[in-house]
């Protein structure tokens, strides 16, 4: 089941740079683990913004919230979620 | 080169139903042709809306506008475009 | 799996009143059928508006879109959907 | 009498973590007490957000404000309230 | 129980002027009846707009919706409702 | 001459609590003085928000600004003002 | 007493051109009469828009609404009003 | 003197196609005349929209409004204007 | 050449009050100097807000930006600018 | 390939002025280098704002993001990007 997820990152300028670097490193590892598991199907950078557009493939709303709220950058992100359905014109079932 | 494209369809209620059916049929064929060519990489339905979220893969801004403005439903759609870039956390180059 | 669905009804004033009455009657029957099946769990009127707030309980995003796009009033409604998850403070699992 | 209440939590990053943990614990207890009393009828997590969608069942506007403004997280939340009425298509009176 | 109600009137230009005059006459009578009953406590014109700001005093959300949806101009108005509570600084209980 | 005034209070979390308590006490006294003088005709709490909806009765725009900008909480409030006129359907002249 | 008034004109394309020309002629005469009386103190065109920014000088909110609602183009305009007060840095009292 | 001008075209679907074609032809000729005169310095298509982003170089606000309001498509466009100034980092004076 | 300029002042609460007082004093002197020179033609207070509506009369976009960016409060203001043109109904040329 | 890029600068007031001056100096040098290379084709100041409107000419979305995210002021800017295409009425190919 697919969801379009848009994440805007807003890290406060007063946060310790070493801590920020550590959080970003964990975020990258976590994101790549989910990508390898096939749950975080796509992640693209929005040109000119510290933001991404992603597509998640999960079994339920609950699973999606569990994955997103465990993001190391979760406390510093504004996230919006759109549930997706198969489109009648699509040549694939995804 | 990838772009996130969101299309909201708003067909006036006064349009002839036969004409509408014909336009929708052409739209489907046109969309599937572009999907088979690999230019319209993804198309998903937004749940609850007469709208889609799509990803296009084209060579230039000009090519994208040419493709979108040739959509049979173009006069009846509100389209927004976000250019996408490779994300440093992505495990694939896309 | 639960979703908050908000529907705003906007019927064009030029539509034939007899047709409108028929669509509304079908809408009511369709809504009550889904309520009895447990898929349309709640429907409330928003005070002062021709709109409702609803909670749907379905197996997937695709099922939700199928149900909503089959609403007799679908062509005349603006619908927004928020996927819901279990809240850690909730005393029930719903 | 029912109300749809949406709460978005925004805790300043500079707040003492021990204090935050204590407030959240009190919030949970307070919420569960109101749920057991039947006044906080539903609470759901909005997927991807530190936010909830709730339904309250109270005797008056004044009672609702008293309950909401006593939330331990009240100073850190943005709350919006929509009064609800019985919907003519509903198969239950709620 | 008090509610702030804001009504914006938008009558389609294609409506028959005689019909419009009749609806407006009924609206006035209906409004004055509710004012005399003490349910429509205040009605003011918003300067420069075909709109009003009103205060209603009713027993429940359901009663308020019943009163508003019976307004002769209801199909041509955009209405927003804010539930009000007693303010701790108010020198009267209202 | 009447004005609808909406005030949203946003006190920074870093302000000294003793100072805040003092400002709120002064605000209450100031508000009640203006109410007794008939200039601050109504004040209601917006349910669920640290905000109020008020009606002022003053001789001029200048007087209204003088009263509002002297509010002890003025530096911490977002205020919006709508001038009101007599409504042709009103059964009173106010 | 001064007010900033912004008017956006939106004449439906289906209105009879002769009628439109007549309304515009009346609008101009009415506007110039109020300007000569000193009540419509300034009127400027917003560059690129069928809109104006105006300053009115009237005795009361009621007078302003009476003047604006009598505009021949009133049914086809979206008007917003901001009450103005003397600015402490102004070198004139206006 | 430069201005950023954004134009969104919204032609009503009920307009006669022959008339529309004629207006568009005149629009093109008018635009190209102004471009050759150096007054309409740039015109670009916004990808995916029936809209353009333009830069005008004129002697005054009045001249800009005269040019824009004479556009054959002016009655069918939503136009927004931003005055531009020389940027201190620019390597040219324009 | 005239421009409508709206300025909203937002001074951070953490700024030193003595510094704030000094900046405001300079702002007043600067504003009055420009008013005496005829460049800052009008300045009005927006009722209930720490904001003003102004009209500037300058020779060019560049001059306007130079004047505005030199405002002592410039770093603490949100400014929006609308270029104005002569209105065909105006009885004066301004 | 052209893009309209709008940048709004928001430097926190708590940042060290010496650091800010250094960042701005680097920003200017970086901007002028890109202008000389023909990649940052235009940069204009938005009148009255600490913001610019720019046109970039780059080979791809990825190149544009690389250039923008390397801006010394990037962490303190809000950037929006619109892809541009050749306009059929343009007398030049750009």
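Labels for the chains are A, B, C, D, E, F, G, H, I and J, by order of writing; each one numbers its residues from 1.
Criterion: a residue touches a chain if its C-beta (ideal position, glycine included) is under 8 Å from a C-beta of that chain, and two chains touch if they have at least 3 such contacts.
This is a predicted model, so every value here is computed, not measured.
**Student:** Could you classify the chain F-chain G contact as same or different, where same means more than half of all interface residue numbers appear on both copies?
**Tutor:** same
**Student:** How many degrees of rotation bring the Cα atoms of chain F onto the matching Cα atoms of chain I, given to the nearest 5?
**Tutor:** With C-alpha atoms aligned, the rotation comes to 70 degrees.
**Student:** More C-beta contacts across G-I or across A-D?
**Tutor:** Between the two chain pairs, G-I has more contacting C-beta pairs.
**Student:** Counting in whole Å, what is the centre-to-centre distance of chain A and chain J, each centre being its mean C-alpha position?
**Tutor:** From the centre of chain A to the centre of chain J is 27 Å.
**Student:** Rounded to a whole Å, what is the gap between the Cα centroids of chain E and chain J?
**Tutor:** 50
**Student:** Any idea how many Å lie between the Cα centroids of chain B and chain G?
**Tutor:** Those two chain centres are 43 Å apart.
**Student:** Going by the contact rule already set, what residues in chain J reach two or more other chains?
**Tutor:** Residues 2-3, 14, 45, 47, 61, 64-65, 81-86 of chain J each touch two or more of the other chains.
**Student:** Spell out all pairs of chains that touch, sorted by label.
**Tutor:** A-B, A-C, A-D, A-J, B-C, B-H, B-J, C-D, C-E, D-E, D-F, E-F, E-G, F-G, F-I, G-H, G-I, H-I, H-J, I-J
**Student:** In the complex formed with chain G, which residues of chain F make contact?
**Tutor:** For chain F paired with chain G, touching residues are 1-3, 60-62, 64-66, 81-86.
**Student:** List the residues on chain H that touch chain G in their complex, please.
**Tutor:** 3, 5, 12, 14-15, 61, 64-65, 68-69, 75, 79-81
**Student:** Help me check something: in the complex, which residues belonging to chain D touch chain C?
**Tutor:** My answer: residues 2, 4, 27-28, 31-32, 35-36, 42-47, 52-53, 55, 82-92, 94.
**Student:** Quick one: which bits of chain J touch chain I in the complex? Just the residue numbers, please.
**Tutor:** These residues of chain J touch chain I: 13-14, 45, 47-50.
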